[in-house]
Amino acid sequence: LNDMQMQDSLNTYNGLVERCFNECITHFRAKDLEKAETGCIERCVTKFMAFSQRIGTRFQEKNMQQATPPSQ
Amino acid sequence: LNDMQMQDSLNTYNGLVERCFNECITHFRAKDLEKAETGCIERCVTKFMAFSQRIGTRFQEKNMQQATPPSQ
Amino acid sequence: LNDMQMQDSLNTYNGLVERCFNECITHFRAKDLEKAETGCIERCVTKFMAFSQRIGTRFQEKNMQQATPPSQ
Amino acid sequence: MNAPPNAEQIDPVMVAVTEMQGLADLFSRMQNVCWSKCIPNVREGILAMGEMSCVDRCVSKYFDVHKMVGEKLQEQMQKAQMQQPGATPS
Amino acid sequence: MNAPPNAEQIDPVMVAVTEMQGLADLFSRMQNVCWSKCIPNVREGILAMGEMSCVDRCVSKYFDVHKMVGEKLQEQMQKAQMQQPGATPS
Amino acid sequence: MNAPPNAEQIDPVMVAVTEMQGLADLFSRMQNVCWSKCIPNVREGILAMGEMSCVDRCVSKYFDVHKMVGEKLQEQMQKAQMQQPGATPS
């Protein structure tokens, strides 16, 4: 279970990298990141964190609402 | 193995939800599903079941055809 | 670990099939592959192998560069 | 697979783990879908008002669709078990 | 996890499980691809005639591509083992 | 895999496996992204010069983004732990 959580956060991390890369990196004329790109990445991460927190809260609210307690 | 099957059907289920959501939900002006959306979801599930049955049958035919019996 | 590697190469294989299918198969007027399609698949696999080798080499270079030796 | 004989078929721990994985999978798909539906760009590092309410509604609708698909699936499977269609024209 | 010591390296059960997972992965990818290639919309809750034959051909072609890619991969890997290219211009 | 009973919670083998899976996941995502960004078609069976340098730069940038996202994430999480926002307007 612990391993699963580690796995999960790794997936989130790698997923975020992919997302922000796709969002912010549009050309390959040079091998280093440009100023505009690093700025975009920063905003992307910050925004994703805000998004993630909000969607996580809503998800849990909904999930609790929906869950019927098992009768054991 | 049993767990794997459970996992598989969960993936199919969650995948279907994603598919039909993308297909049928196009705006977020309200938080409840509209009539047009629920109708679309229903057709989406029915159609997917038909699709799934057909593709599953064809897949198994092909898979058997291709499989050479192991000589053990 | 061994199983994981097997799993990985299976994923790569299946991923390549999907990639080349999407790249090369554009219509379903017949059930057999056409000449243009098989040619495209061949180039797709060859190109992917070249791509894969190059990106793998670059990845390892970068990964080694970045890795700080663990202090145990 | 040579686990103690009787715990094999319905291991409650595995059921719980699978359920959690199902929930995690649901969440991660919902997250992807709602991001692409509600977040058109990252020109700002904060969520705009409209984006916030879009996210809220997206979650709400996603849960509704999830529930509806589940019900519909069960209904369809029951129907399928009862009539069992045979002919499949090509 | 408490498996008999020496069955560790090439556990036939694991091989079978991996094969099944490979097949499941193949199926699920094929399903996604053929859905997106053959089912343009869900305006009707049934498969149209044209969609049915598209699905059949899609499966057929997918298997052919799968087989072809496998053969081509093996051929390429053998070639690669024989010549081993060194220079990679940047 | 036959670890001593109490090493259960932080099994170093599992940590290593997870790390490797993380790396494999990173590689596979990078491979997909760089393929779609750098390889516009397969009209030729070889990598063109421009494609090669695109791949090299893509890998380089991907690693940089990976590193940057990691740093930014940690920074954000520390900030979040310090202020703990309460109100979430809908």
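For clarity, chains are labelled A, B, C, D, E and F in written order, and residue numbers in each chain start from 1.
Going forward, a residue touches a chain if its C-beta (ideal position, glycine included) is under 8 Å from a C-beta of that chain, and two chains touch if they have at least 3 such contacts.
Heads up on the chains, UniProt names are D, E, F = Mitochondrial import inner membrane translocase subunit.
All values derive from a computational prediction rather than experimental measurement.
When chain centres are defined as mean Cα coordinates, C lies farthest from subunit D.
Interface comparison, A-F versus B-E: the pair with the greater number of contacting C-beta pairs is A-F.
Residue-number overlap of contact pairs with C-F passes half for only one option from B-E, B-D or A-F: B-E.
Taking each chain's centre as the mean of its C-alpha atoms, subunit A lies 29 Å from subunit E.
Inter-chain centre distance (subunit A to subunit B, centres taken as mean C-alpha positions): 26 Å. Rounded to whole angstrom units, the spacing between the C-alpha centres of subunit A and subunit D is 18. Chain contacts: subunit F has residues 17, 21, 52-53, 56, 58, 60, 88 touching two or more partner chains. Under the contact definition stated at the top, the residues of subunit C that touch 2 or more other chains are 11, 15, 20, 24, 42, 46, 54.
On the subunit D side of its complex with subunit B, the touching residues are 1, 9-11, 14-15, 17-18, 21-22, 25-26, 29, 33, 37-38, 53-54, 56-58, 60-62, 64-66, 68-70, 72-73, 76, 80, 88. Residues 1, 4, 8, 11-12, 15, 19-20, 23-24, 40, 42-44, 46-48, 50-52, 54-56, 58-59, 62-63, 66 of subunit A are the ones that touch subunit D when the two sit in their complex. Only residues 2-3, 6-7, 10-11, 13-18, 20-22, 24-25, 28-33, 37-38, 41-42, 45-46, 49, 53-54, 57 of subunit C touch subunit E when the two sit together in their complex.
Here subunit F touches subunit C in the complex through residues 17, 20-21, 23-24, 27-28, 30-32, 34-35, 39, 41-47, 51-52, 55-56, 58-60, 63, 67, going by the rule given at the top.
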